[in-house]
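Below, subunit A partners subunit B and then partners subunit C, in two separate complexes.
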Partner chain A sequence: MLKKLIKIATISMISGTIMFAANFNAQAEKDRHAFVNYFLKKFENPVANRAKYFPYVPIEELKKDYIYPLKFEDFKNGPMSWYRPAKEQFAEINDFPPYEIPLDDGKELFTKPFANGKTYSSCFPNPAIKQNYPYYDTKRDEIVTIGMAVNECRVKNGEKPLKYGKGDIAKVIAYLADKSRGQKINIKIPSANAAKAYEAGKKLFYKQRGYLSISCNECHVQSAGKRIRAEALSPALGSTTEMPVYRLKWGGLGTLQRRLVGCIKDTGSEKPKMQSKPVKELAYFLTYMSNGMKLNGPDTRK
Partner chain B sequence: MKKLLLISTITVAFLAGCATNYPMATNSVDSAIANAQAKYNKAHSEMVAWGMTKKTIEKAKALAKTNPRKAIALANEAAYEADTALAQSAQYEKIWRAAVPK
Partner chain C sequence: MINAKKLLVLAIAGMLGATIANATGNEALIKEGRKVFTTKKLGNCLACHAVQGDAGIPQTGDIGPKLANLDTYPKEYLFNKIWNPNKTVPDSVMPPMGKSHKITRHQVDALVAYLQATTKAK
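This part shows the complex of A and B:
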């Protein structure tokens, strides 16, 4: 009798957990569909929808410089997807992509043996894996980013971890990204705690902060498609596909973590640490929003 | 004569105020910095602190002995920033969901 009771209780708990996760996935999918539809509608016809989405952009500029209608996949190109002057500049820059040299360095680092004779291949036999990162590791009960995976591989092989954000780590990730080019982003929410992490990332994205009292959302959703002075604001949709990115502002490659930390600092907030829980949660949420989009990194941005 | 008396009373009162000002400032500079630090710690732990608050407290600490008046002003400024950051977070906690596309 007791055994039966325990069995029933266990089954109920497991099914309850599964149902909760499934329900949360449904909510996250609802969020994602609404997010994608917002961008598709916004860039369907900026001239016709000027009053709703682009009230301060001169009509002549909308007619002359805006590219539309945009499809889902177009958003992976950031401001180059909708802003003609940026697209032309981008095409010229990418005649000789500035990320090519660091990408070659990344290949060399990836194939160069560690002191123990093994290489990164011992951890990543198939390097086309970037579409699955960041993922929620249910055993460790935390989000694992691709940078963490690279460093854990190094430590496992007796090497020192690399500094996050730029330099060699960005080069190795660039190699993995290049091998994953064309793969569709596939982020999952496998547990109740993963759902909590997604929700925390979502809050960080939408909640205003810092002495400027702005949020990621205000610049990269509501104001995406507008300009700050001469700079075109990139849409949040597809913003993780090009990572790691060669930014002309940085004069080198940088990771998604570096970009997110920089964005948070730009709101006037205290700069969080790379790979800290909130930054990983933000990356998790933001990458989930671009689920199904093809990876095109490394790429170049201003 | 009355005028002279009034002026000298004011002068004495002013000088007395100045004479007692320094020890008062030394006491209050510590409490002002402690107050700012406590508020900043709270904002920092909730990940809502503003970018310049920590630096402002550090500046206040550096000036505590040499220029207590300025140090108090800086500490109060930092406390105000931390308070405002916490209030801002509480306010937006109620409304951020309204920004999520539906």
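This part shows the complex of A and C:
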């Protein structure tokens, strides 16, 4: 009898844990469905739904320059997904993709032995792993980004860590991204603390900041699909798929975090540090929102 | 008597002069307002707004409405809206250009003058 009771108690504890574990992403999944749904509805038929989503865009422009209806996968192309002039311009630029040379450099860096004779392969035996980053490491109880993983690999092999954001680290990540091209983003929320980190990132995404008092959301959700002067605003959905990105403005590759801190600075607030907790949380939230989308980085943007 | 006449003439001339000066002052203010509207480092309003009655501004954005008939609004309302739109609409996309000291009180006045004069229904 006692044995039976223990058995039942153990089973219910285990199943309880499993059920609880499955619930860490419950809120995030709700958010994500609403997020994706908003973008799909917004770009289903901008001409017919002008009053709801694009009240100030001239109707002739909606008819002439907007590409629709958009499917989930289309959003990985940023402003080129919906804005015909941008699509045409970038199709031409990507005839000879400007990221190709830094990508070749990345391959060289990845395969070149460290002083100890090992290479990055000792840490990344399968380089097609970018779809899992950033991930929440439950043992370390923190978000691990792909930049951190690259630098930890270097330190483990007796090398100095690289400076974050651009240069060699962006090139190595570009190689990993290229090898992961076509893989679907797969961000998990494995613990209560991971769910907290996600919520913190979400809060940052919707927080008005800087002297312009604008949030990520205001430009890249609400105003996605509109123009700030002649520039087409990119949708937040799919905005991490092209990373690291070759920006014409930078004249080189940059990582997701470089882009994020740059954007935050543009709102007129102090530039946060790359790999700081809030920037990692923001990246975690933003990448989660594009779960299931195929990676297509490195790519080119303005 | 002569003195009284002289005084009258002087007074009329003075009034006329003041009106002319005022008109010129207003025109200067309108001109300044347009500059604030179209200059990236000042108001940068054209990033989001087009202006009814001023088709000469190149490549206006379309995040905010095309501004029209603003002469029908009280000056003070427009001033406050530009100074800090978050006061009336907390999640407004429009930046609080005055409150954040990107532009001065005088420059906000200039914007109001420009917008009211330009968007007047004809």
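Here is the rule we use: the second predicted complex is superposed on the first by the 279 of 302 C-alpha atoms of A that agree within 3 Å, B and C clash if a C-alpha of one lies under 4 Å from a C-alpha of the other, contacts with A are read in each partner's own complex, and residues count from 1 in each chain.
Throughout what follows, a residue touches a chain if its C-beta (ideal position, glycine included) is under 8 Å from a C-beta of that chain, and two chains touch if they have at least 3 such contacts.
All values derive from a computational prediction rather than experimental measurement.
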| item | value |
| --- | --- |
| Which of subunit B and subunit C A:Arg181 touches, first, second, both or neither | neither |
| Subunit B versus subunit C as contact partner of A:Pro55, first or second or both or neither | second |
| Partner chain in contact with A:Asn37 - subunit B first, subunit C second, else both or neither | first |
| Partner chain in contact with A:Ala230 - subunit B first, subunit C second, else both or neither | second |
| Subunit B versus subunit C as contact partner of A:Lys302, first or second or both or neither | neither |
| Partner chain(s) touched by A:Arg84 [first = subunit B, second = subunit C, both, neither] | neither |
| Which of subunit B and subunit C A:Gly268 touches, first, second, both or neither | both |
| Partner chain in contact with A:Gln208 - subunit B first, subunit C second, else both or neither | both |
| Set intersection of subunit A contacts, subunit C complex versus subunit B complex | 208, 211, 213, 218, 222, 268 |
| Complex interface listing, subunit C residues touching subunit A | 46-48, 59-66, 86, 91, 93, 95-96, 100-102 |
| Contacting residues of subunit A [partner subunit B, same complex] | 31, 34-35, 37-38, 202-203, 206-211, 213, 215, 217-218, 221-222, 265, 268-272, 278 |
| Subunit B residues touching subunit A - in the complex, by the definition given at the top | 44, 47-54, 81, 85, 88-89, 92-93, 96-97, 99-102 |
| Touching residues on subunit A, where the partner in the complex is subunit C | 54-58, 61, 208, 211-214, 218-219, 222-223, 226-230, 233, 268 |
